[in-house]
Amino acid sequence: MAVSDRDAAVVPTGAPAPSLETTATTAPGGGRPLAAAPLRGRSEFRYFALRNWKFVVGLGVVLAFFVLALVGPLLTDNTPFEFSGPTDQAPSSEYWFGTTSFGQDVFAQFVYGLRAAFLVGVLGGGIAWLLGAAVGFTAGYRGGWVDDVLNMLTNVVLVIPTLAILIIVAAYINVHSYATEAILIGLTSWPWAARAVRAQTFSLKTREFVDVARLSGRGTRQIITTEIAPNMSSYLLMMFILLFGGAILIGASLDFLGLGPSASMSLGLMMNNAFLSSALLLGTWWWFVPPGLGIIAIVGGLYVMNVGLDEIFNPKLRET
Amino acid sequence: MSLKVDGLTVYYQSLRGDVKAVDGATFEIADGEIMGLAGESGCGKSTLGKSLVRMDARMRYVDGRVELDGKELPVWDDRKMNPYRFKHVSIIPQYALSALNPTRKIGTMATELLASRDIPLNGVVDEFKRRLKIVGLPEDVLERFPIELSGGMKQRVVMVLSSLLDPSLLIADEVTSALDVSTQRAVSELLVEFRDRGFVKSMIVITHDLSVLYQIADTILVMYAGKLAEKAPAETVVHAPAHPYTRMLISSLPEVGVRYAEKRLIGIPGRPPSLLEPPTGCRFKTRCPLAFEKCAEEPPFVEVAPGQAAACWKATA
Amino acid sequence: MWRYLFRKVSIYVVTFVVAVSIDWAIPRFMPGDPIQGLLSRMQAQPQASEELTSFYTEAFGFDVPLWKQYLNFWAALFQGDLGLSITNYPIPVTELIMGALPYTLALLVPAILLSFWAGNKVGALAARRKTLDNTVLPMSYVLTATPQMWLGIILAWVFASSLALFPVSGAYGFALQPEWSVEFARSFLHHWILPFSALFLVAFGGWAIGMRNLIIYELEADYSNYLASLGAPTRLVRKYAYRNALLPQITGLALALGAVVAGAIVVEIVFSYPGLGTLTLNAIENRDYFLIQGIFLFLITGVLIANLVIDIAYVFIDPRTRVGMQGGA
Amino acid sequence: MLEGDSLMLNVETCCKSYRVGAFGGGELLAVQNVSFDVHPGEVVSLIGESGSGKSTIGKMILRLLKVTRGNIVFDGVDISTLGGRELKAYYADVQGVFQDPFSSYNPIFKADRVFTMLRSEYFSGLSATDWHAKLEKSLDAVSLNPGDVLGKYPHQLSGGQLQRMLIARALMLDIRLLVADEIISMLDASTRIDVLNLLGDLKSRGLGILFITHDLSLGNYISDKTMILRRGNVVELGATELVFGNPVHPYTKTLLASVPQLHTKWQDVDVTIGAPPAPGNGGGQLVLAEGSLELVEVEPSHFAALDGDGAAP
């Protein structure tokens, strides 16, 4: 346990070396423990952001697909499930992405699927983000038995494979909407975020400005929200992006397994339909290629954007 | 002359431009000399010390020559510098407490390092053990991981390792700052012992603490805002400083025995200039009570008394 | 060190208890009556329905008080009794799972280990080397963002359906029976390559990115600078940095297990590979609850055991866990 | 102990222990049975090396850490009993300034935030003009020019300016006790003495100051009373001139012998103090409880510990 008495005669400037606890907080797929120093002012952020191709490209791709998800459905008269045309037709000027074995418009399926992906990503990632931040801040700032209990809870949820628990839950309750699916994903994918926030909070709360705030009569909640959280804003942003991408991937797996809503279209469900209808053998690639590419574009865009952000906030990572 | 530095200029690259951290440093160190390098934070003393061994990624060599034992040191070329490091010029870094690989035993790390430099191990390892004993460490620290050692112990291990190959020049960068008072004295005295035993020929001890230098250094070089201010024997710097900055600095230091109620010390008003765009002329002029018109011109760093050099028009006149 | 392991093990024990409790609680406390839900889905005949209801009630053990149901559940668990499969009645769930398990392990274990090894090597090579970094890194991002099932579908489409280099489904040829023979082994490997590649590639990307970033941090660390100041060749500096960067990656390995297992489930489905994934899909489609619950418990137990193995390995690799918190500045 | 009516802060056999180990099995004693008091207009120095518990004592007085055993009494009230509103009132009397000026300011906000925070908590009734007048008055008291420091980010200011601002912040509350925890150890030599002098000026205005430091010369310069701590224990306590002029405890002697001085070499100090230099690893870490030390009066207003090491006063 951390002994908060630091009597060192001269403390060398610079962050303390990460303890074992801190190094353990690795984002799945992200790898490196998140650590970020606040940038000074917004203009400095803008300066580096616009010069970082990873950030610009990632953000651009994500925004482009977001716009497509918004306006896409307006570009077509067809709806995803409607048997509107000829079957198994390759992409053409009429059916931009071709049609399925049932004569459904793949483009319509794709753009509605994008909507579902963004919904699940933002909502699921958002819920996980809120839970992770709440648990992390509380455990890190309070310490003591509160921390012990929350830490145990975090570790338990952390080692249970998310998909396994989702399978069993989704098998019993019928998932009717993407909101339900997103909530389930959010409720199970927060632990690494909580650990990351906890470790950061631990180190930030030993900073003296927290003591100054306490000596100014500030309460715990105020200190967390106005002193600690703002110092982690870059960190919290990156965490959200990773959770966002992760939620999309988990959602796609669930939908592919047929555990998602069956009454509205998603990218995972497209793959499921294509697979079950032997699109592979029929060679109707336009059916199963777009949903995967869509996911890669959004999630990959988010990840690349995140790395860009990381380089913006951590000068050490910038390539010289 | 062991070390000859002539017009060394090294900049630090930052987001806002070059920080002119060391500007035209010219000085010499004699064989067997322990030179203290003092100054406030940001005056360039650490940059000067590091640039003699290894420039880090953000440091940029601009100008100047460095000669060690009559041979030129290629300080501007990281790769060409490698053969000199450790063997001829070595450093005890500021971060000595975290300088050891946390997942390697001290002994393993040392032998791997020596092997990588193609240094035959047989004699050196015994010498390593012998010197560990001299600094008061048991032989079995070789079998331990850095986490098993206290701060003072790690500091000593790094001291012994850095000087193991009897370099001509050893740079000790803030070696006592992170230590407690009692350890501080022991470590400082070890530096002198290293010189006395001939483990190193000459030494640069970088610190912000003039009183430590007074205890162990033969000469003291004071830097201010990237420039050399004064170099003289330690006694002279403390008792008869020539540069107004040195004088004011010395008289602002409290000592055991000096008390507020009896003798009120005063500091130097103002703060050092930014080294991004340092002022022309003397860099101390805005804080100097003696400043006059001529200070708009840069004062040369010249001998003002035998063995005493300073960069001040008033001291020269 | 023992305290470290004790803490870890206690977490796993609690996790196991929680997982078992969830497994027990979900059919009992989820909204709606699971049996009625089951029957309505099976669209059973009215008279069969009554029979089935009593069958399920008994099978779930709903006819005794809750606390007793809970204890019974544990007791059955310790006897290895996870109930009977509904679709494959009356084969015990355990038997079905044990039959599928070797195939899943054959995919998972090599995929996890090889991707970890290769990803770390490549990531370390790429760090601070411009050209490599600019090719490996973008490729790795794309790979980590790829859903495994989709990569599986693409591989199957390109290499199996189109080029006919590999079989499109199954774990071995139709004519064969599992046995220790060269012929079977060859057929097995042939079937194994594609699903393995799908799992391997996605995981590889993640490890490469992680290592690339971690090693940059290590190369900036004080001990790296010190080595370089003493003239150590880049080779030694990178070697040390690599070893130290590997430590958080190993912790990451434990955390990533769940994701890899999830990947294996969906990839198996794509290739109709007779492992736990395909079993899961069948169970979901047929609402074979006992089977789903059994697979759930197996997956979690597997992940917990793997976690424990990693923790023990970690103790051997990182001296700091062995030494504890003594010393230090 | 002394004149009861002027007593302000009284620390009575105060202990702080931390639980260590996975489930809090062990106990680590950071401070053991420390007692002392501070009067108005008095500067008391707490001197010790790392792990001596000096900062812990400061934090307990500021209620940033809980006292494990013993009491801290301010104006006759045990501060551990203070609840929300009373605690706020306590902070109007007692404030702290810490070691690292840059860490004392939230780096992403402007430095004035330390003042505005105070305004919203304590002076919300004050009009803007009154507030500014008050602010300028306290900045003036620490010799800062409002135009130089207001509206800037911490990194645009020097360490000395930042520490002065924190002292000004404390002065706005008309405090009576200031806990100054290593406040000048990170400042540059040329400016630190001015901050130290500032403390001296405040003392003459009646402020009580607890000056925590590892640097004996600083403690000697500024304080009336000195307390030497080692591993959470008081080893020597008394009027500053007595503790420094006639050190009794071997640890105090070791410390004095180890301090680098600017005009006397170590060898000469050894002769005058008559203590062997420290065998290297002196102060060191916190240790598990070994029983606290008993203080004996060696001369009027000078106490020293009877040590387990056989150090008789």
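Chains: A, B, C and D, in written order; residue numbering restarts at 1 for each.
By our rule, a residue touches a chain if its C-beta (ideal position, glycine included) is under 8 Å from a C-beta of that chain, and two chains touch if they have at least 3 such contacts.
None of these values were measured; they are calculated from a predicted model.
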| item | value |
| --- | --- |
| Closest chain to the centre of mass proxy, which here is the mean CA position | A |
| Winner on C-beta contact pairs when A-D is weighed against A-C | A-C |
| Chain centre separation (chain A, chain B; CA means) in Å | 49 |
| Separation of mean Cα positions, chain C and chain A [Å, integer] | 20 |
| Rounded Å distance, chain B centre to chain C centre (Cα mean) | 55 |
| Of all residues in chain B, the ones touching two or more other chains | 95, 98, 150, 178, 180-181 |
| Touching two or more other chains - residues of chain A | 8-10 |
| Sequence positions of chain D contacting 2 or more other chains | 21, 49-50, 214 |
| Complex contacts: residues of chain B adjacent to chain C | 53-54, 56, 81-87, 90-91, 93, 95, 97-105, 112-113, 116-117, 145, 147-151, 154, 158, 161-162, 178 |
| List of chain D residues in touch with chain B within their complex | 49-50, 158, 160, 188-194, 196-197, 200, 214, 216-218, 220-222, 240-241, 244, 254-263, 265-266, 277-285 |
| Footprint of chain D on chain A - complex, ascending | 1, 3-11, 13, 38, 40-41, 207-209, 211-218, 227, 230-231, 233 |
| Complex contact set, residues of chain A against chain C | 20, 23-24, 26, 28-33, 152, 155-156, 158-165, 167-169, 171-173, 192, 245, 249-250, 252-253, 256-259, 268, 271, 274-275, 280-281, 283, 285, 288-289, 291-292, 295-296, 298-300, 302-304, 307, 310, 316-317, 319 |
| Complex contact set, residues of chain C against chain B | 221-223, 225-233, 235-236, 240, 243-244, 247, 317-320, 323, 326-329 |
